[in-house]
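Got some structures for you, see below.
Note that subunit A is present in both complexes that follow, paired respectively with subunit B and with subunit C.
For the complex of A and B:
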């Protein structure tokens, strides 16, 4: 059984007792909990500044057009209207200079916040600032814009057809130009790719055409693998476009003071928003202050704030007043980011035991009009890891469409790739008469599992550790899988029950960030963090590692977060489920530095060598008894000693932002400051096994989830209840993709039809199964000091696919060819005896 | 002129404290006035700046327009009675449980707390082209955007379409039609009472309205006669999400079955047409027949005669058929 589960008393298993201290592995109330439940927490929209104006956006009514003329004279003449801004006044995309002085050239075609050639219906064209929102809204209605309409397309396969329209005037996909032998290909560029009529000949039968790709890779002998297969399946499946729909819209407020730009914005990464804003505004990082205390969800669409922050920033400068751009739900649909639909065709060979012999995968993604979205490619990488095919080929293309920009959404690409595979795997198990858990286990990665395309030298990357099989076994035992699987598909009146299992994986960590803390003469431990506070609790949870290591009770720890004027270190971006891994390492590094300094101070004050001293119980004490001093006393001494002890001398390898913050805090106490330089051999990934039972009414096609369980291999558990919240919360995000969440567009008009929650149907709390359980193996990752990895994203695909697989286990394989699976698909397919809903038309 | 959404424009707000004051205000402002009950439909229209009334008459302060009372063995329900009240009202639960069941599956708990019975039966359609502000027939134009070769019309009508293919989204409306309820309307010239069945109208009668209320008129109460009090009933709502969703199709049936034989029955569906769709011919055909599988099958097939699905709503045909079967013979258990 997993060590941690909800509702159960934890049971320690295995030979190596996991890290479980007074703080690590224990539940507690996070520092922001009271503020959140009492409504005192301030999100960007809750801030007000004297004389603040409100901005509103004028949106393109057309999916693709060129602005010929803007006449705002009538609007600007209205009382209370201050000014407007268009794209021409925005700084535009600036080149990016990295820490190492490398210049990354800006993509001149990226989304800068406003457009003079809008490329989707709802794209912002201009912003107007006025004394209040009503005035701003009334004024926008008085602006006359003259458009020249341009060709548009909202469906990737329509654009790929011979003579099909392009979303951009310069093409319909991103590719690197072909290089001469021995030369590096040039940078990514927008190009036109059209497939042939011959490529489309099986389209009407629901088989995805596979014309010329822009990318491909392979390893192993795929043809040989198919030859040796006992079963070969060739399946087309499509995943939906879904908005991120964070409950907090991307409202942002900006003002200028003393030459500095202050911005209030929801961000997944407070400190990393500074260089992003610097780049968007083409100004120095030193002149930017980001305030982001609370963020109401990001899911990948607020990783470094939002590019729209430039709008109030420029308006504020122009009007000489603070400006708030209060984003509406409609704005969120347009500019809030979305996961791209990926349509895939997978040919997969299995031996008689269910082991994959070869996998040939083709992915086509709906990119939106701007920067290349990598989901179509990431999909294949994650599939290669999760199912460990001995031979695999991937081909893919991401097609530009006149729909809102796509951005990373929880488990980007991984969610779609795994969702293309899981129904196929379940079908193979049925055809080979193998248990569903067994077919997942026989193909599961373990240990240092290899994945992705081979590098130039022919080697694949590999993981740090993997206990996918253990997660499947644990889950199967908790779920009573065998007994329930035996009854799956049994009809009871008009009701049929089915059980499903799915596995999933995603990146579980990054490294190389800084930790910064100070023990002050008041005996308290002050810990600084630059991560965002986006609801995961990480800003606080990971810091408990430092407190644990130094033996400081949590009551004496002060965590500072949420404003770059508060001396924050350079921390990781909270995306890609990297945070727990990266921040526990940084906390460990800073605490290790502080402990070393404490021992040096004690040795110098009390005699002996530093190695004679230990830190614990709020003291530095001599091994085996004898002299000791309190942390408060040591802090006082550190200030007296100065130099590296109190932050006047800093390590050379820390980020310049950390260095600035540390300098500001120098002299306040004993400083622990260090970059995470810990080695790591493999790459950190986390794993989840999910189980679900559904009951379907065959007379209406409607179904409900009776029971759901997810078991995670996520390394050491830091904060059990927060972990459980992530596992089940993100499972729900995935379940939404199975149940009904999607975009709907009218292809002829190029307009979105499902813009509101009741139309695009994200799952609500009342959609969550009443019975929902989680578990975590709590097996430490061997290649990170605390053993902890991230969990935000891996549960998404397994949440979605456990439901899909339960439906097909109840009703068979001839029901659905795309997700979400709505009741009309089930009902019409049961009536017809074959899948009725075709898989490829976009946005239906 | 640019289109702008999601900020409510200015209007003059009246909050009368009596129904007669409300009627006076409505008479005074005529078609410039918008009647608002719980606001769950109104706020959408207002925030999207698609409906632009000069005057909003908010009924929230009107006294005497909410609550349930006995009326000769039936009930009278004030139009401002919230859906949550109907769900829990003992008189409704005892005499007309079909109505409390229907009210209990409307939208979400929050919306049921705010939404009223009068508003629920008078709300506008949710056709997403129309709600999106397209200049369609229902909006006074001369096109139906939901009935084109590329239109996405999964939630639209399979019956009774006439240029417009929008459907009525109410869950309580079919229950009230099944119960033969009477709608009490006050206007400048006094009170009139119409059958629930006649309250709802299709595009053939008026393509811009879904009910018979004229400008200046106010729905004040709903009377349900004792005719169907305490009888057997069947209600089911089929929707995509188990909460916060309109019906794809719903069905409300009241019936008296004696010794296995259907003595009398009324069957009404919604979500299939622009108004609650009563199956009068089916009712006639099954009366006197056993409430069994074969009668159910016959009724189901009969119910979908004339159904004309669009590109994406073909599923509504078997769904309607199956729901009618269930209304006759119940849900099949083991």
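For the complex of A and C:
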């Protein structure tokens, strides 16, 4: 049984004793909750500035066109209209120098916010600022744009056909040019790839064509693996395009003051939005202030703010007034980012016990028109980790389409790859007559599990730790799996119940960020963080590690976040399931630095060596009793001593942004400031096992999820209630992909038909399972000082696939070949006795 | 309401009215960002239009405000009365983030014309807590249970719940879920949301029975 759950389950721990302190592992109310429930928390659209103007976007009516002429004279002559901005006036993408001095060259074909060659219907062409929004909207209507229409495509397979249209004039996919032997291939470039009629010969039978890929890798002997298999399945499956649809639209307000640019925007990373804006605006980081205290959801689409920040920023400079660009719900469809659909064909061999012998996977992604989206490739890496095939080949291509730009969405690529695999795994278990949990266990990763393509030296990367099997066992016990599986498929009148299990994984942490804190003479611990506040609790939860280590009660901790004018350190973004791992390490590093300084100060003031002193109970005290001093006194002494003690001298390896913030805070008390330099053997991944029971009405095709459970292997639990929210919330995001969430495009006109919530259908509270439970093993990760990893991503695929597998367990394998599974898909397939929805046409 | 024109009567603005209107609009222009430029247009285009200066009953206070005839309550609350706790998630009655109570009944304020709320009692999330800062039991429960994540949807859920509990103070989980099913959360932690709001219902009963 997992140690932490939302039910009253007896506590059983893993092999390693769990960390559970006074703060770590305890529930509490985050410091922002009262502001949130009283409506005082300010999101980007809640800020006002004197003389603020409003911007509106002019959108392309065509999926692909070149702009021949823009006549804005009538609009600009209207009273109240101030100015317009087009792509020509945007700085464009700039090169980027990383912390390590490495230069990342700007992609001249990336999305810069406005376009003169719009590449999807709804792409912004220009923005106009006026004294109020109605005037701006009226003025937009008065602008005359002359377009030259260009060929377009919204379906990857249409583009790959011989003579098929390209989404861009320069090609339909991204690839590295082939290199001469012994030479490095050049940088990624847009190229044209067409497959042959021969490649498409099985398309009509619903088998995905597999022409020339742009990428491939393999390990082990795949052919040998298939020869030794007792069962070989060859399945084609498709996952949907889905918008991120954070409830808060990407509104941004910008103004200039004393040569500095101030932006109010929702962001998953307050601090990392500064260099991003610097790059988009081609200006110095020192001249940018980002205010982002509360962010209304991101899911990957607001990692470092959003490129559209440049629009109000440029308009504000041009009009010499603050400008707000209020994004509408339809703007969110256009510019808000989306997960790419991945269509896959997987050939998989199993021995008689269900163990995979070989896996051959081909993925085709719907990339949108701009930068290469890596989901088609990530899909294979995650599959290689989660099912541990002894031999695997992956081939893939991401095809450019005239649809809105894709952005990493919760579990990018992993969600799609695992969703291509899970229905196949469930089918194999049925054909081999193996229990569904057992087939997941026999293929599960364990310990330092290897994954991905071998590097140049021939070795695969591996995880820091993995307890997938334990999560499956825990979940099976909590869910009463055996008993319920035995009854799965039993019909009661028109109702059939089915149970499903699915496993999932994703990256669970990054490292190398900075921690910054100050103990002031008032005895309080002031902790700074540059992470975004998405409500996951991270900005505050991770700081409890530092407070716990220093024995400071939570009431005496002041957490500062949300504005880069508030001396924030360089922190991890709140995304990619990296955050808990990265920020607890940074907090640990800063607290360790502060503790060392406290012991030095005590030794100097009270005699003895620093090693003679310990920190706890708001004091620095001598081991075994004797002299001690309070943290407040130590802070006072640190100021008197100066140097490194109060932040006047700083470590050389911290980020320059952290150094600036630390300098601003120097002299205020005892400073703990350090970069997370902790070693790590392996890469951090988190794991989830999910279980579901559905009840399907075979007369109507409708189904309801009766019960759902997800058990996570996420290392040490920092804040149980916040963790539970993430496990079940992200499970629901995945469940949405099973139930009904998707894009629909008109293939012939290239226009979206499902831009709004009621059309693209994210789950409502009535779609949620009647009963939901979560659990966490609480086995610390051995490769990180706090033992904690992130959790946002892994529950997505397992949420989606537990539902898919429960449906097929109830009704058999002849129902669906794509997700989401709609009630008409169930009804028509049951009637026909085979899956009637073909898996490949995009956007249906 | 005696100082206001009958909306049904034929009203033709005189030059004097127009000047008065502009002066009145000027007085609120620092909060009237969205509509400033439209001030004269609305008059000129709308003979027989409704009076623009309204007195609204918001959170127990009488708020005098200049309102265009096509203006939604969400816009008035957010951009003229400074009540930004009411959120706009879709502006088309799909998500419920803008839910407020009008005469104790939850409404999507993005889809209610402000003029239709004359003489009615409007309550927003800012009006839930007592003047002394004591949280409403539903707010208290959400804080205790860490009931929402990003909370952009939260004020809408709170208002929908408080409204629903007025008609059914002792709901089952399923009944409350139905009662607030017009509200969308994209962080999707519906289970914890429902748990915290059920706890809110329980605390509300305790307060009401005390």
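The rule is simple: the second predicted complex is superposed on the first by the 839 of 844 C-alpha atoms of A that agree within 3 Å, B and C clash if a C-alpha of one lies under 4 Å from a C-alpha of the other, contacts with A are read in each partner's own complex, and residues count from 1 in each chain.
One rule holds for everything that comes next: contacts are C-beta pairs under 8 Å (C-beta built on N, C-alpha and C of every residue); 3 or more make two chains touch, one makes a residue touch a chain.
Because the structure is predicted, anything quoted here is derived from the model rather than measured.
Once the two complexes are laid over each other on the shared chain, residue contacts for A:328 go to subunit B and to subunit C alike.
Look at A:700: by the touch rule set out above, it reaches subunit B but stays clear of subunit C. Residue contacts after overlaying the shared chain place A:746 against subunit B, while subunit C stays out of touching range.
In the superposition on chain A, A:827 makes contact with subunit B only, not with subunit C.
Shared-chain residue A:134: touches subunit B and subunit C both.
In the overlay built on the shared chain, the residue A:810 is in contact with neither subunit B nor subunit C. When the shared chain is aligned, subunit B comes close enough to touch A:494, but subunit C does not.
In the superposed model, A:733 makes contact with subunit C only, not with subunit B. In the superposition on chain A, A:758 makes contact with both subunit B and subunit C. Overlaid on A, the two complexes show subunit B and subunit C touching the same residues of subunit A, namely 133-134, 328-329, 757-758, 763-764, 766.
The residues of subunit A lying in touch with subunit C in their complex are 6, 27, 29-30, 33-34, 36-43, 45-46, 48, 50, 52, 54, 79-80, 130-135, 245-249, 294-297, 299, 324, 328-329, 534-537, 721-722, 724-726, 728-730, 732-733, 736, 756-758, 762-766, 768-770, 772. Within the complex formed with subunit A, the residues of subunit B that make contact are 1-10, 49, 108, 128-129, 132, 145, 148-152, 154, 236, 238-246, 248, 312-315, 318-319, 322-323, 325-326, 331-334. The touching residues of subunit A, when paired with subunit B in their complex, are 56, 58-59, 61, 133-134, 136-138, 140-145, 328-331, 492-494, 699-702, 704, 739-740, 744-749, 751, 753-755, 757-759, 761, 763-764, 766-767, 822-824, 827-828, 831, 843-844. Subunit C contributes residues 30-38, 78, 83-92, 94-95, 97, 124-126, 128-129, 135, 139, 142-146, 148-155, 158, 174, 177-178, 180-181, 183-194 to its touches with subunit A in the complex.
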